[in-house]
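All chains are identified by letter, namely A, B, C and D, in their written order; residue positions are counted from 1 within each chain.
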Amino acid sequence: MDPIKKSIRDLVIANRILANEGIVDGYGHVSVRHPLRADRYLLSRSRSPELVVADDIMEFTLDGRPANTKDDRPPYLERFIHGAIYDARPEINSVVHSHSESVLPYSVTKRPLVPVFHAAGPIGTRIPVWDIRAKFGDTNLLVSCVDHGRDLAGCLQDGNVVLMRGHGFSAGAKSLIQALWISIYLPANARVLTTAIALGGEITALSDAEAAHQAALDPESPAIQRTWEYWTRRAGCAEMLDEK
Amino acid sequence: MDPIKKSIRDLVIANRILANEGIVDGYGHVSVRHPLRADRYLLSRSRSPELVVADDIMEFTLDGRPANTKDDRPPYLERFIHGAIYDARPEINSVVHSHSESVLPYSVTKRPLVPVFHAAGPIGTRIPVWDIRAKFGDTNLLVSCVDHGRDLAGCLQDGNVVLMRGHGFSAGAKSLIQALWISIYLPANARVLTTAIALGGEITALSDAEAAHQAALDPESPAIQRTWEYWTRRAGCAEMLDEK
Amino acid sequence: MDPIKKSIRDLVIANRILANEGIVDGYGHVSVRHPLRADRYLLSRSRSPELVVADDIMEFTLDGRPANTKDDRPPYLERFIHGAIYDARPEINSVVHSHSESVLPYSVTKRPLVPVFHAAGPIGTRIPVWDIRAKFGDTNLLVSCVDHGRDLAGCLQDGNVVLMRGHGFSAGAKSLIQALWISIYLPANARVLTTAIALGGEITALSDAEAAHQAALDPESPAIQRTWEYWTRRAGCAEMLDEK
Amino acid sequence: MDPIKKSIRDLVIANRILANEGIVDGYGHVSVRHPLRADRYLLSRSRSPELVVADDIMEFTLDGRPANTKDDRPPYLERFIHGAIYDARPEINSVVHSHSESVLPYSVTKRPLVPVFHAAGPIGTRIPVWDIRAKFGDTNLLVSCVDHGRDLAGCLQDGNVVLMRGHGFSAGAKSLIQALWISIYLPANARVLTTAIALGGEITALSDAEAAHQAALDPESPAIQRTWEYWTRRAGCAEMLDEK
């Protein structure tokens, strides 16, 4: 299959998966780095992820301009999240941005969001919280320019997840399936941790080594790959997997 | 498209959206001001929002009488919420009333419901709680006459949202899509805040300026408008958008 | 329509509604008093409510024996709940038994379940908790004989709802729609109250007079009746309403 | 019906039920002991339970090797959970492993998970928590070899449920329906208990005798069997029950 066509197909499926699993609603987005050009990425036009089709996918430069200068369809206002992370982190090939309700509380309190169950290992044990107000003062909180994006990417450092105060989270990973995995299990982990906190007393989080062992699982292994088939079929996209 | 026909179509879609997004159940309602007559509004007959069709929409005077005096279908008992807000607030063109379970707890406790994430900016940073008992004593809590409605509208003042003790909330906005937005993100914000409170410690709410920046987003912008397509399709009303 | 046929049809719809609204799962049941004989009631054979059809409905004496002595289909073990309440309370014509997860916590703690929003007024302001252990010692907690049922009905006194420790609740009302209403809004109220408690501080419950005003709403009024159409259609039973 | 064919059919249905009831997602698995050979068990190849079909079922020896040595399809990494429990507990004929979000908090806190409502009686009143770290140090937390499995089975002792720290739970029972029952009502009980804890004050759990009375219910009784029909139809597998 043509690598660009495959990237677009998988990106469409990923949009539908994130919507179907409740990670994004009318807002939020997912991108992949261009398979042939490291200085470009693929991202839908401004459209809710559940509705995205192949024709909606646009190609962007890392500073957020459409590669096709004649393409005047409105892009996502917050596309700068994606470009800035791809620019700062050459090994990252997929980025997700979400307003997950399960994660948001950890962006507005001092309670650290730590991994408490194995599947959440790849989120890492020290997740930073980026507050746009620290550098940019009172805004509408949106990452609406290159400077915002770079500041966010700087806060992410070498991690996979950054919380955004009063806004949501952004996550990046080496592959699309890993970015999906993190985006789906980060909110799940937040819910488990929230309940554990409500139970009271000491909580046993994953150790750094345990989280690292999980993060090291081969994304091509059957154990990881089987979620791709599962999420795709649940999202009603089974037939897309058969496209040539 | 004929402005009245379009208003009715959009109002039917809004009914279905609010039901599908879990904001209303058998109860709750949404209205729009008449597009040609500021002293009238459009609202369904007494029917659960999920079931409302175009023929159910009635036209009311601001004191809650059917404009068509021969229309003897039972109206909503609480239509006075709508007329009173339209009367007191000429710039408001759409009103929603809901018993959202996520919001109700803030109507029976002293804990203020404040916006903690960006999408909730338009709810405002100081949301009043109206208690029907303060002026009208023990009742069934329903806004069942003009006097109740006016007292409620007075409590709303110049805001967009008023909580109603032991009953729900009412929200008004300049446009239907903004009223939907507020009605959908108010409960979401309540859930996020509730969880943040459970995590313990200090909570960072939106500042007044941040909330105002969000509220100032152009409702015609692609970022706002894309939710209309999204919610409409989720509610199974896609084909209504093609009506002429 | 023949009154018995109508009772059976409505009872089937009620089974589906309670399942669809999440009030019952594989367990739980709903009955109506026989429309022509006050000493009989109608209840499904032992079958999960979501699956009940007209042929499943059996007629029972108030002590739980099948009226048709040749009908050897297994009945619900806990049918004694129904007969005992009909026997003790001539004005009650419908009974629901549920293991609702939202209500159960109030059956195993000392925190009273009080109505905090208007729709929950009919549950009453003083809901007793029946503990089978008090009179019958260690059992499997099921109401599996006439004596259990009578003890439960005695605890209900003149109310509409009784919680059952570690088991669920039973509710009775003058009409089927009122029994549905109570069974659907009791768990909703429990969720709202649980969240209000989590917010901390004092909670404003409905006053006795407010609850009574709500409970006095005419079940034949459009405001109450519209839920019947709503719940029925959501449960996929719209076509049953057209049966003759 | 051929006993092996029936075991496989029921196992497929059980996979779908557990997925549909939210007990497993992309991960988690269910097995049954081979109906003719006590030293073998039946378990799907590495596939998400919602997607499992009859052809996916493989036969394993108790140490986790495929009975058909030419079958090179990837098995579940954690199949050792199943074999070790069948080996240690001859009376157990079905095993479920799940990462249920409702149960996980009890695996990372000191708060005991105790049964608080009748349907949870079979989970037992003293549920151990197994921590892989105690014996095996920092790992990815997965039960990925015979030694891990045996250590887990040893912790289970003579109970039906063992929690696994930061990972989930494993449950075993005499029959498939009992294993499903436990796996579905264990998370339900966890949610009820979590809410009861949030309400504050003392909680009345089931007594040892009450739990034992519930656990003693005949799995062939109509009261237990009706959930099989219910769960199967909800999972969209009704037609499988008619297979010959």
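The definition used in the following text is that a contact is a pair of C-beta atoms (placed from the backbone, for glycine too) under 8 Å apart; a residue touches a chain by one contact, two chains touch by 3 or more.
The structure presented is a predicted model; accordingly, all values stated were derived computationally and were not measured.
**Student:** For copies chain A and chain B, work out whether under half or over half of the interface numbers are shared, and give different or same accordingly.
**Tutor:** Since fewer than half of the residue numbers are used by both chains, the interface counts as different.
**Student:** What's the farthest chain from chain B if centres are computed as the mean of the Cα atoms?
**Tutor:** Checked the centroid distances; the maximum from chain B is D.
**Student:** Any idea what the CA-fit rotation angle from chain C to chain D is, to the nearest 5 degrees?
**Tutor:** Between chain C and chain D, the superposition angle is 90 degrees.
**Student:** Could you work out how far the Cα centre of chain A sits from that of chain B, in whole Å?
**Tutor:** 32
**Student:** Between chain A and chain C, what is the gap in Å from one C-alpha centre to the other?
**Tutor:** 45
**Student:** Enumerate the residues of chain C that touch no fewer than two other chains.
**Tutor:** Only 198 qualify.
**Student:** Chain contact topology under the given definition, line, ring, star, complete or other?
**Tutor:** Looks like a ring, each chain touching just two neighbours.
**Student:** How do the chains pair up in terms of touching? List each pair.
**Tutor:** Taking the chains two at a time, the touching pairs are A-B, A-D, B-C, C-D.
**Student:** Which of the residues in chain A end up touching chain D in this complex?
**Tutor:** It comes out as residues 116-119, 121, 188, 191-193, 195-196, 198-207, 209-210, 213-214, 216-217, 222-223, 226-227, 229-231, 233-234.
**Student:** Applying the document's contact rule, which stretches of chain A touch chain B when the two form their complex?
**Tutor:** Touching chain B: residues 25-27, 46-48, 50-51, 74, 76-77, 99, 101-102, 104-111, 131, 133, 138-142, 165-168, 194, 197-198 of chain A.
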